[in-house]
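Taking it in order: structure first as structure tokens, then the write-up.
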Amino acid sequence: MKNKTSFGSRIIAAPYIVWSAIFIIVPLLIMIYFALTDQNGVFTIANIAQIGKYKKAFGISILYAAIATVITLLLAYPMAYFMTKIKISSQRMILLIVMLPMWMNFLIRTYSWITILANTGLINTFLGKLGIAPLRLINTPGAVILGMVYDFIPYMILPIYSVMSKLDKSLLEAAEDLGSNSFSKFRRVILPLTRSGIISGITMVFVPSVSTFYISQKLGGNKTMLIGDAIEYLYNLGPSYYNVASALSLILMLMILICLAIMNKFSGDDEDGGVIL
Amino acid sequence: MKILSRLYISLILFFLYAPVAVMIIFSFNSARSVWRFAGFSLDWYTGLFSDTAMLTALQHTLIIAVLSAIISTVLGTAAAVGIMALRKKITKSIVMTTTNIPMMNADIVTGISLMLLFIFFGKIIGARESLGFVTVLIAHITFNLPYVILSVIPKLKQTDSHLPEAALDLGCTPLQAFFKVVLPSISTGIATGFIMAFTLSLDDFVISYFTCGHYQTLPIVIFNMTKKSVTPDAYALSTIIFVVVFVLLIFYNMLQNKGESKNNKKFKEV
Amino acid sequence: MKKSLAVITVITIIITLFLSGCGYEYVELNLEGTYHKNLAGTDLYVYNWGEYISDGADESIDVNKEFEKLTGIKVHYSNFESNETMYSQIKSGGVSYDIIIPSDYMIQRLIKEDMLKKIDTSSLVNYHYIADEYKGLYFDEKDEYSVPYNVGMVGIIYNPTLTGDDIDHSWNVLWDKQYKDMVLNFNNPRDAFMTAQMKLGLDLNSEKKSDWDKAAKLLIEGKKNLQSYVMDEVYGKMETGEAAISPYYAGDYLTMVENNPDLEFFYPEEGTNIFVDSICIPSSAQNYEAALMYIDFLLEPQIACANAEYIGYASPHTDVINNEEYYYYQNEILYPDEKDIPKVQYYHNIKDEIRSYYETLWIDIKLF
């Protein structure tokens, strides 16, 4: 009897398994094929070899994304912590409020930052009224990083909050009873217990930041190219550039995998990682 | 401490909503600019109803979001149940790793690889065009699936595996056992998955950008407003979406609170 | 829980239905009967620049809706943001369109790569409206593949309150140190290279790599002066005084000056680029007959005038140019007098090797 249900259960995963083979695995194989061939389908490593030309694009993409991820974490962690300290019903409300901007177009939300940061924008107009000379905010690396933090911070708050809200309060009390001060309580109890949330938060902020192509264009004044911009630019030049674009995408993917692998190594056991909410 | 935590939460929410506020304010701008506020007017709201390009795009976005959320919820829930029933550890871990790929991968990589697949396939069958409604729908289902699966699996783990067995012993068919016993216990996970899928689909720009063909969704149309300028009607439309969703969420929250207090009451009575 | 999900779904569906049925008031075109309805129910796919057709906003004519009403053909309209994007989409086989509106050099390339269908202009009732000067142009000498839609020239927009009235009418201003951080430039390779090529007196269509290297070097140098590379952002930046100087398409200056009357405009003395955006039918088109009808419809005097007013670029349509009611009638920037016409050069399609050379040089400029 048990075998029968189990077989029945297993069989209903079949559509998904077929689906993921066709739409996840096969596309990646095709991308690898494109990356390793030229326009006529002849094997070549020329596309991959071009990475040297783009090392600056890779470099600044990683740098900006890393800075943005750290800032996001520093902002989101206390947010998630404080959220667990308020009434349950208000917690749920604030959670919804944090998620709400995701329902609006992120292009528009990013675009709005220009109005705030511009030389003639809201901040500088305000400073001008106070008699302070305008600051250069827009078209700077800072603006790009701000855009990344802004667009992806909900993806950091949600998983950390979700882990933190399930923390066993008695553990914290035990720590206090054993004479831990708040810092060591944080370092020895809270931090390790919320690690899986941090890890999935970092992943969900770092990956879109490192590969973005809209934020850098709108807030960075188009003066440099992140790796996402380069891929998008090449893709838009036509099919003859698909090979190079695939090669860059492949390298980007491997790079992200390496970054995630390094991180996972530090995080240890992480079975539920990546599950948010 | 309480004041500090309230202050901090307010600051973060202020940060999250500053651009939204700007958007709302400029949607009432009387000038055709999202940079300089000239005066109050409702022109962009009334004008919106005759802007076919924007409305068609919104319609496309909503259709894709609803369909992809429904399909991926059904497919993903079935997959989660099936994956949990897999006995070989190795198969399970292969399936789970594959599931994680679209989540871990950059959107631009997912987008380009799917685009290559669709074009490749289109060439094989000699299609006149290989991108469109179907491909953007497939793409959205593909990136939604992992979120559904990963929302349902934890709930399945919490479910007592003896329950369906008991149901079978009591004479239920496996199908009945699933719908009467398993499904109710994982319904919150399914709902979370559905909402996640809907949200992600609505907000997606990058993957649609590479796979939509001429079935352009709202983000694509806004992105393409480049030779000319982004006009406040895009802001007006986003403001309307914001208000609708905001009202829905409050409604949803109230419903949930109510449900909870009812449950608590029952619990007390028992 | 289930209830609230159902509510979300139902509301979305209602919104969707509601949106599809809502209101645009048709105008009196008096064209009933001149277009047959034999193709009613078929689909027509149109691929055009963003904001490049009168769409019913601000009480203008909604061209696509009027066409649908007149012929019963369903118009599916989508946008692209550059010639290259459009080319890329069609070339890949990802999409098929019945109508596209590329620029001159891109039309030359599309013809060369056998990607366009011939248009029998004698079957177009309204083709006679096209001004002679836009017939037989280099990219389509026999007028077999394209029908002109819009014409434009690139000039420099500046804000005298920031630069002073005394400004050199030359491309040099983009590199002039006194305007540091106040200057914008195009965020697309062909136009950005043009600004440097003009300053250096180079041929815009040079087939020598060294010429492109020189222009690239100048652009890299110019980055020190540059506030940002822009396309659409130019509107906001110039209108608010965020930036002081920017090269852009003349027609767009007219839109900007309505929001900021301080702005001024000139055509640089070294000369500039002129472009023609024309209507074409891709070879993968599925509804050729409907496409011809659509082209004819775009050439209807009222429609052409609505488009010209909405877009603000110069029109190649004689009835529009000579119409005293036309908003930009004899506008001196769009239609300069003979003596004020700057020296102009068209872009040509350049051989593949050189084209991919400058396309990758652009990455070097950005990454420098």
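Which chain is which? They are A, B and C, in the order written, and residues in each are numbered from 1.
The criterion applied here is as follows: contacts are C-beta pairs under 8 Å (C-beta built on N, C-alpha and C of every residue); 3 or more make two chains touch, one makes a residue touch a chain.
Fair warning: this is a prediction, and the values are worked out from it, not measured in the lab.
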| item | value |
| --- | --- |
| Result of counting contacting C-beta pairs for A-B and B-C, higher pair | A-B |
| Of all other chains, the one whose Cα centre sits farthest from subunit A | C |
| Subunit B and subunit C, separation of their C-alpha mean positions in angstrom | 35 |
| Centroid distance [mean C-alpha coordinates] between subunit B and subunit A, Å | 17 |
| Per-residue multi-chain contacts in subunit A, two or more chains | 114-115, 118, 120, 235, 242 |
| Residues of subunit C whose C-beta touches two or more other chains | 92, 236-237, 240, 242 |
| Overlap residues in subunit B, where contacts from two or more other chains coincide | 34-35, 223, 230, 252, 256 |
| Interfacial residue positions of subunit C with respect to subunit B in the complex | 1-5, 7-9, 11-13, 15-16, 19-20, 22-24, 45, 47, 49-52, 55-58, 62, 64-65, 76-81, 89, 92-97, 231-232, 235-237, 239-240, 242, 252, 255, 259-260, 284, 286 |
| Footprint of subunit A on subunit C - complex, ascending | 82, 84-85, 87-88, 91-92, 181, 187, 223, 226-230, 233, 236-237, 240-242, 356, 359, 362-364, 366-367 |
| In the complex with subunit B, residue positions of subunit A that touch it | 1-2, 4-6, 8-17, 19-21, 23-28, 30-31, 34, 75-76, 78-79, 82-83, 85-86, 89, 92-94, 96-116, 118, 120, 122, 150, 153-154, 157, 203, 207-208, 210-211, 213-214, 228, 231-232, 235, 242, 245-246, 249-250, 252-253, 256-257, 260, 272, 274-277 |
| Residue ranges of subunit A touching subunit C (in the complex, touch as defined) | 53-54, 56-57, 114-115, 118-121, 136, 139, 217-218, 220-225, 229-230, 233, 235-240, 242 |
| Subunit C partner contacts - residues on subunit B that touch it in the complex | 31-36, 47, 49-53, 55-56, 58-59, 62-63, 65-66, 70, 115, 118-119, 122-123, 127-132, 187-188, 191, 194-195, 198, 213-214, 216, 221, 223-231, 233, 244, 248, 251-252, 255-256, 259 |
